Amino acid sequence: MNLTRRVRDILACYEGENPGTKANLARMLMTGKLSGTGKMIILPVDQGFEHGAARSFAVNPPAYDPHYHYKLAIDAGLNAYAAPLGSLAAGADTFAGAIPTILKMNSANSLSTMVKDADQAVTASVDDALRLGCGAIGFTIYPGSDSMFAQYEELRELSREAKAKGLAVIVWSYPRGGEITKEGELAVDVIAYGAHMAALLGANVIKVKLPTDHLGNKESKKVYEEKKIPIATQADRVRHIMQCCFDGRRIVVFSGGAAKGDNAVIEDAKAIFAGGGNGSIIGRNCFQRPREDAMKLLGQLIDVYKGKA
Amino acid sequence: MNLTRRVRDILACYEGENPGTKANLARMLMTGKLSGTGKMIILPVDQGFEHGAARSFAVNPPAYDPHYHYKLAIDAGLNAYAAPLGSLAAGADTFAGAIPTILKMNSANSLSTMVKDADQAVTASVDDALRLGCGAIGFTIYPGSDSMFAQYEELRELSREAKAKGLAVIVWSYPRGGEITKEGELAVDVIAYGAHMAALLGANVIKVKLPTDHLGNKESKKVYEEKKIPIATQADRVRHIMQCCFDGRRIVVFSGGAAKGDNAVIEDAKAIFAGGGNGSIIGRNCFQRPREDAMKLLGQLIDVYKGKA
Amino acid sequence: MNLTRRVRDILACYEGENPGTKANLARMLMTGKLSGTGKMIILPVDQGFEHGAARSFAVNPPAYDPHYHYKLAIDAGLNAYAAPLGSLAAGADTFAGAIPTILKMNSANSLSTMVKDADQAVTASVDDALRLGCGAIGFTIYPGSDSMFAQYEELRELSREAKAKGLAVIVWSYPRGGEITKEGELAVDVIAYGAHMAALLGANVIKVKLPTDHLGNKESKKVYEEKKIPIATQADRVRHIMQCCFDGRRIVVFSGGAAKGDNAVIEDAKAIFAGGGNGSIIGRNCFQRPREDAMKLLGQLIDVYKGKA
Amino acid sequence: MNLTRRVRDILACYEGENPGTKANLARMLMTGKLSGTGKMIILPVDQGFEHGAARSFAVNPPAYDPHYHYKLAIDAGLNAYAAPLGSLAAGADTFAGAIPTILKMNSANSLSTMVKDADQAVTASVDDALRLGCGAIGFTIYPGSDSMFAQYEELRELSREAKAKGLAVIVWSYPRGGEITKEGELAVDVIAYGAHMAALLGANVIKVKLPTDHLGNKESKKVYEEKKIPIATQADRVRHIMQCCFDGRRIVVFSGGAAKGDNAVIEDAKAIFAGGGNGSIIGRNCFQRPREDAMKLLGQLIDVYKGKA
Amino acid sequence: MNLTRRVRDILACYEGENPGTKANLARMLMTGKLSGTGKMIILPVDQGFEHGAARSFAVNPPAYDPHYHYKLAIDAGLNAYAAPLGSLAAGADTFAGAIPTILKMNSANSLSTMVKDADQAVTASVDDALRLGCGAIGFTIYPGSDSMFAQYEELRELSREAKAKGLAVIVWSYPRGGEITKEGELAVDVIAYGAHMAALLGANVIKVKLPTDHLGNKESKKVYEEKKIPIATQADRVRHIMQCCFDGRRIVVFSGGAAKGDNAVIEDAKAIFAGGGNGSIIGRNCFQRPREDAMKLLGQLIDVYKGKA
């Protein structure tokens, strides 16, 4: 399969990486219905770790089965599927080679009492990713948390090993903890800062939440206002995030948060597309719908990212 | 010995594992009077570590001798015997090959003053398990404890090494510490969450306590009530736990807690059987009875799991 | 030198160990005037670390010289000599092969301010033991201390390495710290619990203090009273400790504490002998007496353990 | 390219180093418009990590692109370019061999809540520096911070590895935290102490801020006053810093802090030149100006260091 | 060069050590004007780390240059020169083989806010000592500090590695922190205890401060008074320290503290000589004098240690 011009252009931005890592990025970009477009939709299923199986899957019981998610991602023509060790392993043989997979290396859970020092446990190794045939590792950082520096150092080690072994590195950058308020977690300046740090830490793909137009940091608020950085529309904000990720040299995908109506999900995707973002990483809005509804919604998102909607 | 269809089906769920690990799971499933049924009874003897030798064995003094437990498990036709390093080693040569053994890797004790950060000491290594001829390692996690993340990371390392060396991994998942109340430790939602995390962490076999119908977490209580998840009977709750462990793709065994009457123990086993659970892990209710009473009770449990009771 | 029947029986209990470790146990049991009896007297000299040289040796100044202790242990016909790195090394060449030596791996000191978290520094390595020709390592644990879990994990690593290299492992089990009171440190239930944990941790030889008839733990007190465990006499208590160490499958030696009169020391030994204990580990009551008094006392103790007194 | 006499003299001071490390120091000294003069101007771009992309680059948007900085440093004829992992990697292939690069190994950020224990995360490895073709690593220490000892130990390990692999080591020595006041961070005695410690820690090149004539430490104030150490002018203070760095045996470069007018920047450089300093490390005053203004200013600085201004 | 009888006797006390370590001890004892006498004068220059360059060297500015100290130690005929990594490296090539050097492995500084947990940063590695041609490593412990156990464990590792590689180990034992008062830091019982622990930790050479006749510890005070240990004169106290260091089996050198008059320095040396101590380790009283004054004073000290004064 020849890479498209668009994918070659994207790969050319990853100057510092091994061919193995680039090949895995290429596989994700050349898989599914968005193959070759430079756009991506990824299915992440770590809600069970975050909130428990019942809170995640009782609304759609077939989703208790790890195979369900593999099938959904494959059948909907997505680019990749991400999950923690146990559930990824539970289908790794059945679906070997059927879709690029991302091993989520660390996870938090809602029994944790950590707030200002919000952290995650590292629950898998890079060699787990290799033996399960994954193309990338996923790692969450909490910029602003009092555990942030330790997380960055964990990421450094996992990233170094993953890249040396030809895997790609996807960073979930979610500002949280420390002096960051609930509103600040979604503030455009804070998310843009977190995305920039992920890029500086060597992330190949960066995942952030769609930001609001709130400015969460007093010092940066002055700059945003003085320099009149456009942040009024969602597309503006996506564009700004892309700029903060090495002026568009890094793939950035956006998550939409809690389950919501189809229209809201589609509007988000349109803004991401308009702002030059690379796509969606969409979990609860997939597996917490009945399968056929999820398939339909994903089809509509694919159309958006193909520029047909 | 040809594996039964039931055992082959169970093994097929362990997609991500080495043949060595599967072989050790198969050995446990093909040993003793429940051989081939997919059901298991395991004898765990770590009460001495938890509460001291006298509190554990004075009621039945022959049990001070580590050989006693090996013989009991073998003579009763159980599937496996689990114990900490010192006592397992004390019979490892005499009973070599006579029954699958599980090296309990970590242990707490009642002199510890840790409460919210309840933890255990890791007292053995994977290579100890190999040199003693064990088929599996056992590891306790305390979901909810402020030490939880560190425990998960210890488990990650031990599990990675154990599986790479062909051993199976059995996780004791006991919610405790942090903001979990005494009642919450047995709440069905909390235990189901802990069991799900054990599965996500890569456990091959999951051990939990039989839950009550209490709901311990405000957020999940809403979901359990809204979705009308059946938790009224013990069998319902066992069935729910199995669902939370990858929809039945993982072996789950249940412990019954403190010493109690024969009838109560048998009723528990009937509920586990009815709910589709894989069996019992039963310590104090074995070795704190005179040997012949224990043998009789274990015979009755075996009948339950054979569907004869 | 052919092993006696008694020594062969003792060694047979060490099922899980390498021949190298058994050989070192055998050497200790076959050395000195108690050779072959299954009884042992060990000279431990770590008081200098615990309290300083002057507090330890000013009462008997020749004892400032590390050679003094080697000579005393050899001339008195003891089974082994234990000391920290520096002082053991100071005579290791002169007395090479003259008596089995035990490298004390960790030490506390009286300048430390730790109380509830009482701990020791690990001051030597297993390879030090090998290069100095030692037959065993010695390690202190403080069951009950808030540092207990970390100590158990240090012991796990040192023990694993020592046994892999053919050395024996001797554990000083001294309950202390956490919620343990001064009286509780000597309580028979607490010491028995600490001894049992040492056995579970894989100790080959266990060293405890002679317990009082106090019961230090509310929960275990109930059991001791209910089950009428005999603890009235010192011999009863020694017998109970032996039972808690795998029903006599482990060598247990007892220390007598601060310097005291000859009669008291001899009475202790008689009780240890009567209760089936393996012997004495006796420091201050040796080196804080003039050499000829110490020689005489040790001769009397040897007679006790030979059953002649 | 033959080394100049001046550069050979400088290299001769690095007695303890490998030829590989000296070669990399030589490359920096023999690159750009100051080649062979023993003077250096380095472009450091880690402001994005410290304050976010928008606060760093919105004033001059082309600077969002990592290539911008490489080009600026090359076109202006500077000696080296320093940046964190992600942004350095983003141009490492395009600009391979075009200018010596310095991988900044650790970074702080303005979301951190650490004050007295101010610290940085180590975000790259020495092997990253090698695979990206860097000639040196850069590492920040905060003398005075409660995290200082841990930082020194991180530097020890990274420095040892970097030098063993033929790289040079550049230390950013920025007193901060602990009992150091805001005014004290720039005090000449405190900065001189921090520079001296960097030299003792084995730094090949030392980067400090230009100090004020404030004396921040009571004990050293007495000595400075008693011994009448000249600190009145900026050139005096630079001269004192050089003396504190092994009497001029180490390369020291000075940073100028926040963006300011051209004249102020040039006056700083004249003082550094007059005081015998080795040059400037100048970030915000480069990339926060439009490119042509930055080019002009850098040209003027080069003239200063050539002794033409 | 044949070893003298006195040096051979000293070396014979180092039973546990490799020939490489003994050779390095021999080199120190056979160097300089005290060659072969069993006495030593060592020049230590770590004051720059402790207090900054200006506080250390402004009183005698040539001392800013690391070469100054090498030359002083060589020209005065001292036995060895000790310094931290950076300054030792700065002359390691020029003075290769000219005098035995000691790499000071850890250092504190006066910006640190640690008091009860007083500690030092480990700033060099054993391999640094080898590549720089050193004959020994130097390491400071703070007996009594809440960081003491961690320091002992660092020393264990560095000492093990250093000795395995044929280097000698010199321990600076300076009681400090925890519950030790300022007066207690110099108390003879406390310093004697610290010296004894250094010996137990495996130190080849022990460096302590000259003690006062104060008794700093309540428990040991009783023993010193009861046993009438002679501590009235400085020579008495030196003799007691030697006794506490394995009854004279270890080399002990004494430091004199802050800069003071020539007579006071000479009186100290006379007391050390009279008490059987091995010599002086003298820093500020050397390099804070003009070179010719220092040379004269060192000449007088050498005469004292030759028994000529």
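Each chain gets a letter, A, B, C, D and E, in the order it is written, and its residues are counted from 1.
One rule holds in what follows: contacts are C-beta pairs under 8 Å (C-beta built on N, C-alpha and C of every residue); 3 or more make two chains touch, one makes a residue touch a chain.
None of the values given here were measured: they were computed from a predicted structure.
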Mutual neighbours - chains that touch chain D and chain E alike: none
Cα-superposition angle relating the copies chain D and chain C, to nearest 5°: 145
Mean-CA-position distance for chain B and chain A (Å): 36
Chain A and chain C: spacing of chain centres that average the CA atoms, whole Å: 58
Two or more partner chains touched - positions in chain E: none
Touch-based graph of the chains, sorted into line, ring, star, complete or other: ring
Order in which chains appear around the ring, chain A first, chain B after it: A, B, C, E, D
Chain C partner contacts - residues on chain E that touch it in the complex: 13, 15-17, 116, 143-144, 146, 148-150, 152-153, 156, 160, 175, 178-180, 189-190, 192-193, 196-197, 199-203, 217, 219-220, 223-224, 227, 229, 240, 243-244, 246-247, 249
Contact set on chain C toward chain E in their complex: 48-49, 51-55, 58-59, 61, 64-66, 84-94, 107, 109-113, 119-125, 127-128, 131-132
